Amino acid sequence: MNSFNTIFNIQVFGASHGPLVGVTLDHVPAGIAIQTSDFLPDLARRKGGQKGGTPRVEEDIPQIVSGYFNGYTTGAPLTILFENNNTRSEAYTKQRDVYRPGHADFVAHEKFGGFEDYRGGGHFSARLTTGIVAAGVIAKKILGSITFEALVTEAGGLQDIDAALEKAIAAKDSIGGIVSCTIKHVPVGWGEPFWDSIESRMAQAMFSIPAVKGIEFGSGFAAARMMGSEHNDAYLDINGHTRTNHAGGIIGGISNGNDLSFRLAFKPTASTPKEQQTFNQATQQVEPFSVKGRHDLCVALRAPVIVEAMAALVLVDLMMLHKARI
Amino acid sequence: MNSFNTIFNIQVFGASHGPLVGVTLDHVPAGIAIQTSDFLPDLARRKGGQKGGTPRVEEDIPQIVSGYFNGYTTGAPLTILFENNNTRSEAYTKQRDVYRPGHADFVAHEKFGGFEDYRGGGHFSARLTTGIVAAGVIAKKILGSITFEALVTEAGGLQDIDAALEKAIAAKDSIGGIVSCTIKHVPVGWGEPFWDSIESRMAQAMFSIPAVKGIEFGSGFAAARMMGSEHNDAYLDINGHTRTNHAGGIIGGISNGNDLSFRLAFKPTASTPKEQQTFNQATQQVEPFSVKGRHDLCVALRAPVIVEAMAALVLVDLMMLHKARI
Amino acid sequence: MNSFNTIFNIQVFGASHGPLVGVTLDHVPAGIAIQTSDFLPDLARRKGGQKGGTPRVEEDIPQIVSGYFNGYTTGAPLTILFENNNTRSEAYTKQRDVYRPGHADFVAHEKFGGFEDYRGGGHFSARLTTGIVAAGVIAKKILGSITFEALVTEAGGLQDIDAALEKAIAAKDSIGGIVSCTIKHVPVGWGEPFWDSIESRMAQAMFSIPAVKGIEFGSGFAAARMMGSEHNDAYLDINGHTRTNHAGGIIGGISNGNDLSFRLAFKPTASTPKEQQTFNQATQQVEPFSVKGRHDLCVALRAPVIVEAMAALVLVDLMMLHKARI
Amino acid sequence: MNSFNTIFNIQVFGASHGPLVGVTLDHVPAGIAIQTSDFLPDLARRKGGQKGGTPRVEEDIPQIVSGYFNGYTTGAPLTILFENNNTRSEAYTKQRDVYRPGHADFVAHEKFGGFEDYRGGGHFSARLTTGIVAAGVIAKKILGSITFEALVTEAGGLQDIDAALEKAIAAKDSIGGIVSCTIKHVPVGWGEPFWDSIESRMAQAMFSIPAVKGIEFGSGFAAARMMGSEHNDAYLDINGHTRTNHAGGIIGGISNGNDLSFRLAFKPTASTPKEQQTFNQATQQVEPFSVKGRHDLCVALRAPVIVEAMAALVLVDLMMLHKARI
């Protein structure tokens, strides 16, 4: 399904080369002051155009067409649209004989019987995350003093991101990366047992970002090699502050008042500039193939603000669930 | 919330030291043949008692009290109960001055205002996974020829699990581990865009297993260090078979016909035999603390069958969602 | 599905002649004081045994097996079980050649392929409402000062209910009835737009009570014959009190601070003592048929407490949804 | 919440005097042929302009901006927008001292703290049903041979609708009405136990249509005055055909193969031309008040196509739920 969250529901729609992409947020509190300029910093962070980024750059002017009146949210569903103006679809028609490796072309064709919008990844495109970033801006406003900081901490195996991009350009190839996220000031007690644990819900959200292939909270995979006495975060006081934070701020699925922290693995951009050998339906043979279209060298670079938005959307919902029963 | 899945809904209930734990499965197809013996192999895999395992061993006889008639499922909600007989709650009462490090005691107390059932972890206990394993048996039956194989591939940093347990016993400490899961014969096209991608839903399910702190699909975190030409799985034929399987059988969130594969990081058992320094509410000081109760040295050891059950529950739901619109 | 409500989720399970019926309530606030005796008055109202009632009388002792500790709710799912002890299933086996008119036998057989538990209506039985009444007791506690009063205001077309039963007994037939419900002290502003309006959610709940075939709020069907100036409830003050209450306390789907009021139509008990002409599969002919089993003459008589329970369950959820965003 | 259905999810957004109203449908099957002209007949039925109708007439050109490519649905969310061009908002600003009787003004103000879009009813306006009618067109296509016929069978207490409107015009007042709906060719077995019974789900949907205050299935309220032997629909054959159809095609909440039938009560238009006495916040007194804006004399007249759309949306979802488990 294309909607998420139990109460603070978000629905995405649109496609890479359709007329627009958009998002509808349900159960938004009334009376939140919003103006267009509020969205611009986060949208700018998401936008392409930087070094190693796709040459496709959209203006990304948010149009709030529902749930907004006289500068405030009204409590009705909040719908935000973004026009797609800078599309070049010709390349995608030519390519249809070859399912691009690492892309959803093949599975989309099988799942939707050939009726999928294949241009630029269609509904699978990262273009859809524009609306999610806008929704994240609203979510952050609702969360008030909670702060989000997601950063690319590694690209192509290097911590020097510029050097990583140079390496990719030299190799005429794309690279992956790691995004680390820290969230401060989450109150104790958010998250619900089992399937609505913070980890469960954060993970569900994060894996809906294209190219994410792994997530770990706190010490994560390293925890599997620790001893219990080393991993356990001993309490320092009655407020739950701990000496270490191997748990990433989450115990039993529930926030414990320490910083939330998690890391995400992004695979390299599927559209590598390098020639690939793959199956061609026209010739029925494995043949050389070069990808068309305009792409990022490292999709992780644009991801931090999307990660923050997803995290904020999850936290508003968990806050609402928590408030609902007290 | 304590329920999961859109259609093939599972609800868990009970607590570690309450009268029972159980599970209700909704929207079960009618006419599935079931007998008690069908559950025993998977329940045996989950049960404690092996080397390094907790001395608490329950009989785990499943009682199917709803949705079952004359040997078959009826289509009504399927409820399975497991009595708790082998509980020793005294230890937990004594311990209440200290929130056990690595356990949900503190957050549960804050979230539920002191009304939580604190005995043996209460509703946060891994005891709850008994019902999930039983539900997984039903899910596997529905999935027919799809096969599941989850294994502990590493414990305490070692691939030799016996050696790892010896090391833990010698150190008087607990250890973490890695569980790897491979699922074969999933048809092409299961999974839905965004929040119902296979990765999103599997991750949501897996993080509801106590002690899981990380998940990666296919190459996972290693993918972040690959080049695109290296990570992309090139197609070999028109059926979507690929030369490599770095994607773990999932592209764009949707199954591509190759084996599903993922790995999970389990933290070390929070209840380590080793003395810990942590905050004591009675004395208002950080003091030495020794955990009481009966526990596993490595919780990952009992986890594989739970991982399989969770994966099967997710796949039935995604199969149903897929079938619903064709 | 067998679950209901967005946050304060209720799941029912069991069958008329299975080992038990039960209910699981999710997202229950922690710290609600409960004892068995709290359930008895409402359970007694639901129970058979009165004039014109079924001779099947269960003891209906609620067993709280989850979410309860030391006299209080814990915040974990609250599961309540009721054993079925007083069942006589033989009659139902004999009857299988004839789908009983007015019963779910035929549709259950078609829907579940013959695997349904046909004894006593199986999962379609009003026996399932025992758990709902118990859940309603919890919901009423949560709602505090809100009061519920549902009454049978008409049976067999008469306002004198005893006279109606005499008429039915004389005619050797069953009769229908009307239940009217008034709920006082609902705050202004509960209910959400569209599909979560109070009317939408109340109606959804009420039509899940067996035998309900109509619902109307406030003036209901009579409103269709009024003029606007007659139906509109003019405001008397700034608090929303109105001169009349034709709207039944609900405007735009949202509570307006006046009493909630609605009426329900119950069809006559399908199991009439009177001989009926219907299709017999064994003979392949329409033939005389007499119903077996033990039944009420007028199911509406036991319904008021079920109606109150359903209403309370709906209102807790709408209260929680309302609280979640303020 | 502003979304509905378990699988075939519909979300509405927009406001009467905002830039647009719209709808997003999720889980739409791919490959459904659609063109703009497919929507026009049903949209024309919903549109104002006829005798006794509001002078506000929008062009209602559907813009499909997501989920549509080359003439077919793609399987991605289907979003349809309708611009609001013919709005006159001035009247509504002037009116704010008086909460209009029978309208949501008061409850919206209380619920949303004064931030609601009050112009023309805002998000509570029947304008929102434009998107629902468009969604209904898609739903009807999916349902194939199932036919829908909703009709105004009574207005102002008269079966002659023209005479009813003349009466209203003469009285300078608004009138209510009854809409009857018959749905043919629904297969046996759709609908789920309890809260997803056909009656539960239909009722939930219908009460989200503005002005609906009652619903009854089959004989409905009249059933409450029948005897069981009279109400029961005796079977004529093995396929479930019945001699009578007092049940309205639904037994145990599940379709039995006979025609579905139900009736809806619509209250009179709240905006009556007649002067009303109600509370004025500016003067703090009950005073004469005349409604401004453009309105229908009888909202029931435009409702049948909305009723059909709602019914179709419900049935697609129940069909999908049914298919999911067989």
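Points to keep in mind about this one:
As written, the chains take the letters A, B, C and D, and residue 1 is the first residue of each chain.
Criterion: a contact is a pair of C-beta atoms (placed from the backbone, for glycine too) under 8 Å apart; a residue touches a chain by one contact, two chains touch by 3 or more.
Owing to the predicted nature of the structure, the values given are computational and were not obtained by experimental measurement.
By number of C-beta pairs in contact, C-D leads over the other of C-D and A-D. Comparing mean CA positions across the assembly, the chain most remote from chain A is C. With centres defined as mean CA coordinates, chain C is found 44 Å away from chain A. With centres defined as mean CA coordinates, chain D is found 25 Å away from chain C. Here the CA centre of chain A is 37 Å from the CA centre of chain D.
Residue positions of chain C with contacts to 2 or more other chains are 1-3, 6-7, 12, 27, 30, 75-76, 111, 123, 192-193, 321. Against chain C, the residues of chain D that register as touching in their complex are 1-4, 6, 12, 99, 101-104, 106-108, 110-111, 123-124, 128, 154, 156-157, 168, 171, 173-178, 188-189, 192-197, 199-201, 203-208, 210, 212-221, 223-238, 240, 242, 246-248, 251-256, 265-272, 274, 276-279, 281, 284, 286, 300, 321-322. Those residues of chain B lying in contact with chain C across their complex are 1-3, 7, 9, 11-15, 18-22, 24, 26-27, 30-31, 63, 65-69, 72-79, 81, 111-117, 122-123. The part of chain C that touches chain A in the complex is made up of residues 6-7, 27-30, 75-76, 192-193, 320-321, 323-326.
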